[in-house]
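In what comes next, chain A is part of two complexes: it sits with chain B in the first one and with chain C in the second one.
Moving on to the complex of A and B:
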């Protein structure tokens, strides 16, 4: 898909449902500085979804889709879990993998895209839950990183298997008692960000999704670094409000409480040296571009 | 030769794939009607008759023609619109021609508006809601068309026609193959020619 192809045949325009007309006219495909601030003023790339009211994962989904640098040239790979309820409503190409296979699928996909579209930028983004990323799919996750596959892995960490009623997962915190894990977690939460760093990821961030501007920044960085250098990993806390006994309105506070400096979701970032250099160059170019466009706007006004 | 015939349903909840019952696809220049291979010319006449006899003759254009992703697609879209206008012009006031899009294949849960679109994962909703008794699929990717055509045969009494750009569909009651804008225009011409010679009987439908 390219943004030039996202146009409706003129003879069929009047019969197309309004959400498709909106996608063509008001979505942010191809916009250079797209970001979370577009939400509410443009057509989002997510239609109605069937997640629970107040689910932080739905917020995370919206921020991520708003922040992808080139959604028209991105393929997302999902896995079994709550995310698979949302992907059918998303206007970005996506593939549902077998439970845990997502990074293996993404590896093949990324390679196939570079053969099929040489010279074109095609981003691949894996989006899966903690069960798929850390438990069932850990082998595929790690092997993709070892091989330096050039795509981003995003893990929605809700610290348990929410979709099936609350079983223990590797990312669950020690001592936590879930509905279907009554004894309580006996072991520490797996330190996947550190494992990702040691496995060769160039950009690793762990945070909550309480701040949309932060999500925009890390998603953009992760995708752009993966495009140029190699694997990147984001671990985003998206608590399952139902499984931890919270109400719909309490998701945001739960994330704010968990991201305090002493808490388990305190902001954590590992950036490789080449990635640091790349991001610095990118920031300089961005600054230059913005200054130039500001100058241009100023001169147009004067004229 | 197989005795199985691909007929309007409802066949049952999970109808067999017609191919598994021995129905084969037509060769170039041919079509099939109810699973019997016929010359393409015969299929134009039968498709025209089905549209003229139906109470709600409907065309379901899919993503391959709804989106102007190349010149060919845009040309087909023009031909489909012409076909729709022709059907509208040729049917009686008691009949209602419809053009309902299948914009993409996302399983649109929790809500789909069956009045304005059809979804391949539950096409029966659109057919039931609009009381469609004859329809034509065009510009739908084959794997999704196969799925939809089977669901329609399983749960509705709608007569299905596939205007397929590839090798055709066994699961439709009638299938063309190698569809082009010219073939769609030819079908429109046939409908025009047969106008008045085919009687619409509301009691039969």
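Moving on to the complex of A and C:
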């Protein structure tokens, strides 16, 4: 989408809502090197949300939206769950249809956009809960990967069904006592990152959302690899503070505790050979570009 | 943004000329061809300027779905693949339609039921997907035989539902269906149903439009809701998501949207009448006795009428083409003089008879039968017998035939 499309006619300017004016004037559509550092100085692509106060999903949303490489040409696909409370306030096109069918929607969507806009960048990014990704939607998650569909799947892993009140999910830890797991969950946390690797994902990362710079890096990589090569998967720990009995301020610490090297959310990454090569080329180009702009800045200073 | 008008008269990459649909359907020359129903579906799709077709095998639509794959290989369809289940396929169709594509799929029986959660979603999201339903049994024990029970489940989804009698209906209605579905004041999915095997697997002479003419492409920017392609400003859809809210505004919004979907079904009426030349067709509707039917039951009704004519009895016929929008007024008018109305159906519950009873005065005139199911055929003789028995006339026992 060209930025011209969102411009407001001067005659209409004053009647447009201030948040839309702000979006036109200060959002980072089309900005090269956009990232988490834009948060606070530019208009974010999320207006407000009705998640619980302090819910780490809200941080994750902000970091992801700040890090999409081309939000002006990105369509997101959600699913039912706490994330569906946020999507109506997100300033990229997004689709909610049913619970668990997100990777099927994204498959059809990506193909339609490829037919309609050949040769143009149109990124598709799925963002759904662990129940949607691993339980009710598992077949569609995996089949999209088997088919090598060119989009990114992001799972907000809060290890339970938050939106329906904290029931057991496949990504819950073994032994955790929850609704519908009255004597503790009987089986292990599903190893979806490993399954993703075996299913053909080219770039797989599991981490928490404690560090915005890390989220920026993995989101950017995941979207760019999906655009060029095939499916990518991010599993992000976004603890449901409400259901695990934490206060609003305690989400960050919970993530830091769980990402220690011996803990279940220790950083994990699988990259296919073609993706390694692609990312190396990308890094080299980035370096070149940065050096060139530094040189340019230096020479203008001299003049 | 695509402008349909500008492409009329130009050629697509297969050398087909984008042709005004009215001209294509009503004025272009027709060639009689001897084809199976499945082949007819393929030929319609060849001319449909379809962007995405998604397939899944289930008898009796597998052949048609595979033949469309051949069309894709020849370059007539933008993209085509086999999904992993009907539930997934219908969601993939939704994704493609959200992205602004003209979408086609086919299913049947258990496939329709497996995918059911998607259909009210399609309607609510205003996705003009076309789905062919080649009806078959849905009950246990497993059956692949013709049975139209699944149509009853589609009637309350908010989809348009048409019921084709012949392969010729099928050919014409696939192309016309997009014209109705894609109208900005409609923009709803269409379930185009037929009775499996009877239509799909039999050969018939069908008059085809020229293969080098095709429909104008779908223009997603005529949709009443934004196309999800990031080519128009991303609106903030709502201040708060209504889903979890327990307040009057939330309820009112959901209620008014459901009403709007059904209002769109109503608004499709004028377009459907234009393209299908009426929601019903009648023959001798002034007769005391009428047969009202849809699908292949219409053909069987015609045969029964011929048999009765031989015996000097005059029976009229009402062919119901569209089930949604429901031709209540047309049926009321067509049956106003009838003393007896027979509704032969290929399903156990008699959903068509129920709909008719709810639409006309003096509904005791409706005889909900004969009904066959589970793949049983409906010889015209049993319709004759049903009529004669109900009217207190003597009829030959069927078992004694030929003895």
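We adopt the following convention: the second predicted complex is superposed on the first by the 299 of 303 C-alpha atoms of A that agree within 3 Å, B and C clash if a C-alpha of one lies under 4 Å from a C-alpha of the other, contacts with A are read in each partner's own complex, and residues count from 1 in each chain.
Keep this in mind: contacts are C-beta pairs under 8 Å (C-beta built on N, C-alpha and C of every residue); 3 or more make two chains touch, one makes a residue touch a chain.
This structure is a prediction, so every number in the text was calculated from the model and none was measured.
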{"item": "Which superposed partner A:15 touches (first chain B, second chain C, both, neither)", "value": "first"}
{"item": "Touching partner for A:183 - first (chain B), second (chain C), both, neither", "value": "neither"}
{"item": "Chain B versus chain C as contact partner of A:50, first or second or both or neither", "value": "both"}
{"item": "More chain A residues in contact [chain B versus chain C]", "value": "C"}
{"item": "Partner chain(s) touched by A:113 [first = chain B, second = chain C, both, neither]", "value": "second"}
{"item": "Partner chain(s) touched by A:140 [first = chain B, second = chain C, both, neither]", "value": "second"}
{"item": "Where chain A meets both chain C and chain B, residue numbers", "value": "5-6, 17, 20, 47, 50, 88-90"}
{"item": "Residue numbers on chain A that touch chain C, as the complex places them", "value": "1, 5-6, 17, 19-20, 47, 50, 72-75, 77, 84-95, 97-98, 101, 104-117, 122, 139-140, 143, 147"}
{"item": "Of chain A, residues touching chain B in the complex", "value": "5-12, 15-17, 20, 47-48, 50, 88-90"}
{"item": "Of chain C, residues touching chain A in the complex", "value": "51-52, 54, 78-79, 81, 83-85, 87-89, 91-101, 103, 117-118, 121, 125, 226, 228-234, 236-238, 240-241, 243-244"}
{"item": "Parts of chain B lying in touch with chain A, wherever the complex brings them together", "value": "61, 65-69, 73-74, 77-78, 80-81, 99-101, 103, 106-111, 113, 116-117"}
